[in-house]
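I'd like to ask you about the structure that follows.
Letters are used for the chains, namely A, B and C, taken in the order the chains are written, and counting of residues starts over at 1 for each.
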Amino acid sequence: MFEAKLTSASIMKKIIDSIKELVTDAPFDCSEQAMCLQAMDSSHVALVSLKMEVGLFDTYRCDRTINLGLSLASMAKALKCANNEDTCEIKYDDNDGDTVTFTFCDTKRDRTQDVTVKMMDIDVEHLGIPDQDYAVVLEMPVTEFKKTCSDLFMFSETINITATKGAVVFTSKGDSGSSVITYTPSKDVDSSEHVTLDVKEPVNVNFSTKYLLQFTKASALSDRVKIALTNDTPIVIEYGLNDNGHLRFYLAPKIDDEENNMD
Amino acid sequence: MFEAKLTSASIMKKIIDSIKELVTDAPFDCSEQAMCLQAMDSSHVALVSLKMEVGLFDTYRCDRTINLGLSLASMAKALKCANNEDTCEIKYDDNDGDTVTFTFCDTKRDRTQDVTVKMMDIDVEHLGIPDQDYAVVLEMPVTEFKKTCSDLFMFSETINITATKGAVVFTSKGDSGSSVITYTPSKDVDSSEHVTLDVKEPVNVNFSTKYLLQFTKASALSDRVKIALTNDTPIVIEYGLNDNGHLRFYLAPKIDDEENNMD
Amino acid sequence: MFEAKLTSASIMKKIIDSIKELVTDAPFDCSEQAMCLQAMDSSHVALVSLKMEVGLFDTYRCDRTINLGLSLASMAKALKCANNEDTCEIKYDDNDGDTVTFTFCDTKRDRTQDVTVKMMDIDVEHLGIPDQDYAVVLEMPVTEFKKTCSDLFMFSETINITATKGAVVFTSKGDSGSSVITYTPSKDVDSSEHVTLDVKEPVNVNFSTKYLLQFTKASALSDRVKIALTNDTPIVIEYGLNDNGHLRFYLAPKIDDEENNMD
């Protein structure tokens, strides 16, 4: 028996909406500690890593470690039925066989909605993500990162990120023009819009603009995004889940000449 | 001579927008008491019945009973010209021949707009709708009914409605999942969002989800919707017009095995 | 060296968005007094005339008269990167060769964005627009003019405008119906929504509805629009730029029988 209840369906909605275009079928690993998901996108370039810790849930019961394989399209359809203020209960009963039930309750309106979703067999490939120290850690408002990616997407498919102690610079060069966006670390760190930049070593890396832009669909989850960078290493883009987990995206760098110009 | 003036064009706009996708050409029956319309949809499954009583109008003059045949697309075009706060006068002069004129006035802006629409010959088929007592009468906020129909439309083309004294249940079953929505009658009937349920006999009927969803386009007309049900009988969905008439939709039930399972 | 800075990028955005569908490539004439643009639309029926006077800019430096040829699509792309509250600096350095740089600054967020746009060779055809007195000058809220054009566009491709001392009348006649919009000069000229009408001679002219509607894309630039009319003469539609210039559209009248009916 797995039974977990969220005070608000909206967080689950936002998570699924963030990743459903990257990942089609998702194996949710449910344990006593957390509900987790790790999946590569279909082109095996990006990795999604979700961790919803017990603390995120209102009530949580997981008798034994199980894996719930669900189509994200079906989950999105189920969650579309929930109002944002509805509670959301996720339930799997070993006796019920191959379905997961989402129950949305709106006590104010005397309404209960059960949506039953068929489970599916999904090959689980566990990817060991090495813990590592990153050369640069950048934190900024999600709106800024989203705007940067969508602005630069107009100019080129490749985004170059260089970070030094003084500034982080996002560059994109196309045939009809180019764009350079520079952020300097904020003096006023009390502002909710401040940018922080922690540089151990300078970094100069290129990424696919399309993927970075795709990841910013998670902007609804959090006010701020954390970006970790090291030369020749996948970028990590992390959106926090109310201090009880995270949604992380990993993306391998683009290899080309520019990358080797520095450091 | 027929001449009727509404304080606000918005109610006429909302009515036409509610039905223009169901009915293309509409014969408006104008009498001393009311401006009425009865029309089947093109597939002859649903019936639209509109009654705009004299009290709905600011001024109303109808010298003799006449039938004004109008294309709803042309009427919608005319009404698109009206601001919601504009007054709306509908005028037919026997001497003018085959046109109806809509006049929109915005005295605040010193603007008058006349839109002239050509009339058309429409075969009028009067359908006697028998007055009858219904086994179940349900009343709920229009937003709730709309959400129920659009949620269930994601799962199946058929919606099952069962009502007992304790609850009304809307169910929809598809290949990839299913959804069950349960409303219990509200305790707090003072709330504008309350649900009332009057059950003489339990009911279990199936309807086309697509049509029910289509009818909810009338949700702009009223805060609440009244739904009347009897087994093996068309459902009636009624939106009130400020206590001076109504827009009603009738839809025959879908006949299949499930329907006969219950009394 | 040309260097001009606007306090807010939004005015430049609005100007380019107003004209980018009429004109593809624009030769900007920069002089000590103003940044100007004159261009015919591709079908050579309409003329766009833009004048941005020095007073519109925060800082302005133009060492010698130059012509900057820019693709409006590229400019629109550059300006899409600017937030409305960003400052906008336009810079051309003779030493840099063939590019213009737009710099957007958002000091609140410690962000600077440089967008570089390639210049292009554009044939400049200077059109002498004769200064002339018009028979009718009409001033109205931009929202009213926009609504008039879009309403009448539903009925016909031709709009007829007749103006007499008492009223200005816009008429459009189609197969399925017709619409007549009448404005009388406002008594309350203090109202921001008033209509003023100055008639030396009555006017009766026809124009392409599509073009008039196209011009109303400039409605974001100003609260009011000034329209000047003379029989057999292009209409002038002027949107002011904070008392420091204007965006004007000229459109030749449609020649047909109706035009000659009146003095």
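In this section, a contact is a pair of C-beta atoms (placed from the backbone, for glycine too) under 8 Å apart; a residue touches a chain by one contact, two chains touch by 3 or more.
It should be emphasised that the depicted structure is a prediction, and the values quoted were computed from it without experimental measurement.
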Same-site or different-site touching of chain B by its copy chain C, using the half cut: different
Fitted rotation between chain A and its twin chain B in degrees, CA, nearest 5: 120
Rounded Å distance, chain B centre to chain C centre (Cα mean): 44
Per-residue multi-chain contacts in chain A, two or more chains: none
Chain A residues touching chain B - in the complex, by the definition given at the top: 71, 74, 77-78, 80-81, 83, 108-118
Complex contacts: residues of chain C adjacent to chain B: 141, 144, 147, 151, 154-155, 176-186, 193-195
